[in-house]
Every structure is written in structure tokens, then in C-alpha cells.
Amino acid sequence: MDKKTQAAFEAGIKLGALYHQWVGTPISPETASSVEKAIENAVGLQPFVEEIKVSINTELMTLNSFGYSELAGKMFDVKITTKVGNATCIAQLQLENEYPMMKILEIR
Amino acid sequence: MDKKTQAAFEAGIKLGALYHQWVGTPISPETASSVEKAIENAVGLQPFVEEIKVSINTELMTLNSFGYSELAGKMFDVKITTKVGNATCIAQLQLENEYPMMKILEIR
Amino acid sequence: MDKKTQAAFEAGIKLGALYHQWVGTPISPETASSVEKAIENAVGLQPFVEEIKVSINTELMTLNSFGYSELAGKMFDVKITTKVGNATCIAQLQLENEYPMMKILEIR
Amino acid sequence: MDKKTQAAFEAGIKLGALYHQWVGTPISPETASSVEKAIENAVGLQPFVEEIKVSINTELMTLNSFGYSELAGKMFDVKITTKVGNATCIAQLQLENEYPMMKILEIR
């Protein structure tokens, strides 16, 4: 199996996983950074992850009547680098035309 | 509606919610504290929560072949205090006979 | 401990749990009934649950550019009955002023 | 971008997503098929999915003192086919040496 293909597969796994693990978490602009950190730490444990950077867009948070929001897919801005053998894949999760799009940015 | 009953209902909501939001998270003894913090912050945003303390039992983590574990219900040790009007409910989630038991400790 | 209080606590647990377990699931009007059924089956397994009815409001689904939606808290219409000893609690999860509100309807 | 690489990326996304969306669900041998169906329906909605087959290994369920179990990663046996342009990726999630392994079976 081609290592580049595997690196892309691994990047996909991590993005799909983090999205569905954390969507729905109660969140606010004040607590966003602790959630970003927890996600980065969790994903960083998984195999083949070289680098992971998670930013949650607090401007997209609409506070409910109790003063907090809920982590939604559209708030994610994630960049991940996976490495399998000599192959490297850089992929992202980012809002694109109202859809939280996951895509490969670079593969080498 | 009796305020004590409501405080118990609110405590139940938070314990059920946190369990099912975070179970499955990749975790290790090194990252446990960042997950504890993120959970405390998230639950602390929800209505009627006075206090929340989350401890994850790292001794119950069995590391897989890639060197990490996954947050499981049995690892939780959570104590929460909810308040509705003058009524206060203190409840916990803790391993009891191999079952992650949620129960009310005190209501007043 | 008062049985009514416990029945309320148990109802809260189940509503909090189901919300955070399933929010984020890819869904469409065509698949909603299979998700409703799976949720009812899952919650029905938990202790003290007498009855559970889940309806997902398909009219609140906004289809993304790929033609599907994502289960959101506001789509839930859930009614649950818990029983502890002779005490019964009927509670619901339903959209109320744009907030997916959980509340006790009756306790006896 | 190579279409095979993209098909692999998409397969990874879906496997990572379904794992972290459903792990933790209360389940029993009797309700397993409704959960399998709900997962297949949900994943089938996502872009680039050609086929998805989910089997949950009921023999790995250890019933707790209340008579039910919880969906764990090791119970999954999933096969997915994604297609991007003319490229097809077949991947699986299956227990391998006690680890719920995701891997590519075929790419063409």
C-alpha cells in the first residue's frame, strides 16, 4: 500500500473522529481554549499524528438564554499533519460555503 | 414543582450528558488533567450548576499497542452540586461494583 | 432518599445522556425514523425507564450542499417515564424559545 | 490531487466519525441490529460513500448488573466503500490484537 494513501487515510480518521467526539459540547468564548487544548491533546495521542492545531471560532457562537453555546461543526478550524513512513499529509477542517469541509491541503 | 426534585433532575441531566459526551475520547495519564478541566468548564456553563469536580482514574487506563487509552465510564469520579431556588442537590458518578453508578449523595 | 426525587434524577440522566450521545449524527428526513428507533431502544435498556418516545422534527433539518443534515438538539421531541419504587416521573425534551429544554411534566 | 488519495481520505473520515459518534451507546444483543441500521443509514448520507456494512459483535458484550452493555470500539466490524471520481477505496474497522483497527483493504 502506498504510504501517501495511508497518510491521507489516517488524516481522515482523525478529522472524522474529533468532529463527532466533540460536537455538542457546551462551550463559551471563555472556555473555548480549554476545549481546544483537550482536543489537541487527545488527537495527538493517536497513531501517525505529527501535528494538530485546533481553533474554535468563538464569533460563530450564539449564546442561548442561559448564556452559553454548543460546539458546532462550523466553529472548527483544524489543521492536522499525519506521517506514515516518509509520506506526509496535511489536511484541514474548515467552514466552506456553510459546510464544515474536510480536505487535503498537501500530500508529499 | 418541588425545588428539591428539580435540583435532582438537573444533576441527573448533567451527569448523563457528560458521560455520553466524553466517553470514547483518546486519553492517557499525561492528558487526563486537560480533559478533566475541559469537562469541568463545559458542565460549569450549564444552568443550575453550582460546583463540579471531575477526576479521571488514570490507574484504570489500559494502554493499547499505540500507547494510549480511551476514556471509559468506569474511569470517572465526578461530584456535582446543583441549586434550584433554595434547594441543593449533591450527586456523584463513581465506579460501584464494576458499574459507573450515578447517585444522589445529599439533597436539602 | 425520597423515591420521587430519585425518579426525577433518573429521568434527568437519560435525557442528558441521549442528547449528548446522538447530537451530531448525520441525518435526513428519510433516515430519521431509524435514528428514533435506535435511541428508543438504547434508552429503554437503561435502569428505571418505563417508557420512552423519541420524535425528531424533520422540518428543522436544513440540508447542506451534500443533501443531508445533522441531528441537533432543537430537533428533539422526547417524552420519558421513569419509575423508582412507586414513584413515577414524566419528563420531556422539547424546543422552547429556541432552547432544547428538559423539564419535568409530572411527578407522582 | 490524486483521486485514490481522496477516496482513502474520505473512507478514513467516515470510519473515524462513526466510531466516535456511537461508542458509549447503551446496547444489548436484542437492540444491536437497530443500532447497526441507524449507523449504516447515517454514514450512507455522507458524501462519497458507495456502500457501508456495519456488524456489531454481540459476543463481546458483557452485560452489567442492569442487564445491558455499552457499544465499545472492539465490537465494531465495519466495511466501507468510498468512491471519488473513478477511484474506489474499500476500508474496514475490525478488532485486531485487541485494537479496533481501521485499515484500507483495497484501493483502485
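Note that the chains take the letters A, B, C and D in the order they are written out, and that residue 1 is the start of every chain.
Simple rule for what comes next: a residue touches a chain if its C-beta (ideal position, glycine included) is under 8 Å from a C-beta of that chain, and two chains touch if they have at least 3 such contacts.
Treat the numbers as computed from the prediction; the structure is a model and nothing was measured.
When each chain is reduced to the average of its Cα atoms, A sits farthest from chain C. Across A-B and B-C, the chain pair carrying more C-beta contacts is B-C. Separating the centre of chain A from that of chain C, both taken as means of CA atoms, is a distance of 28 Å.
Distance between chain A and chain B, defined via averaged C-alpha coordinates, is recorded as 24 Å. Rounded to whole angstrom, the centroid-to-centroid distance between chain B and chain C, based on C-alpha atoms, equals 20 Å. Among the residues of chain D, those touching two or more other chains are numbered 19-21, 24, 66. Within the complex, the chain B residues that touch chain A are 21, 24-28, 30-31, 34-35, 37-38, 41-47, 66-68. Note for the complex: chain A touches chain C at residues 19-20, 23-24, 64-66, 70, 73, 97-99.
Of all the residues in chain D, the ones that touch chain A in their complex are 1-2, 4-6, 8-21, 89, 91, 102-104, 107.
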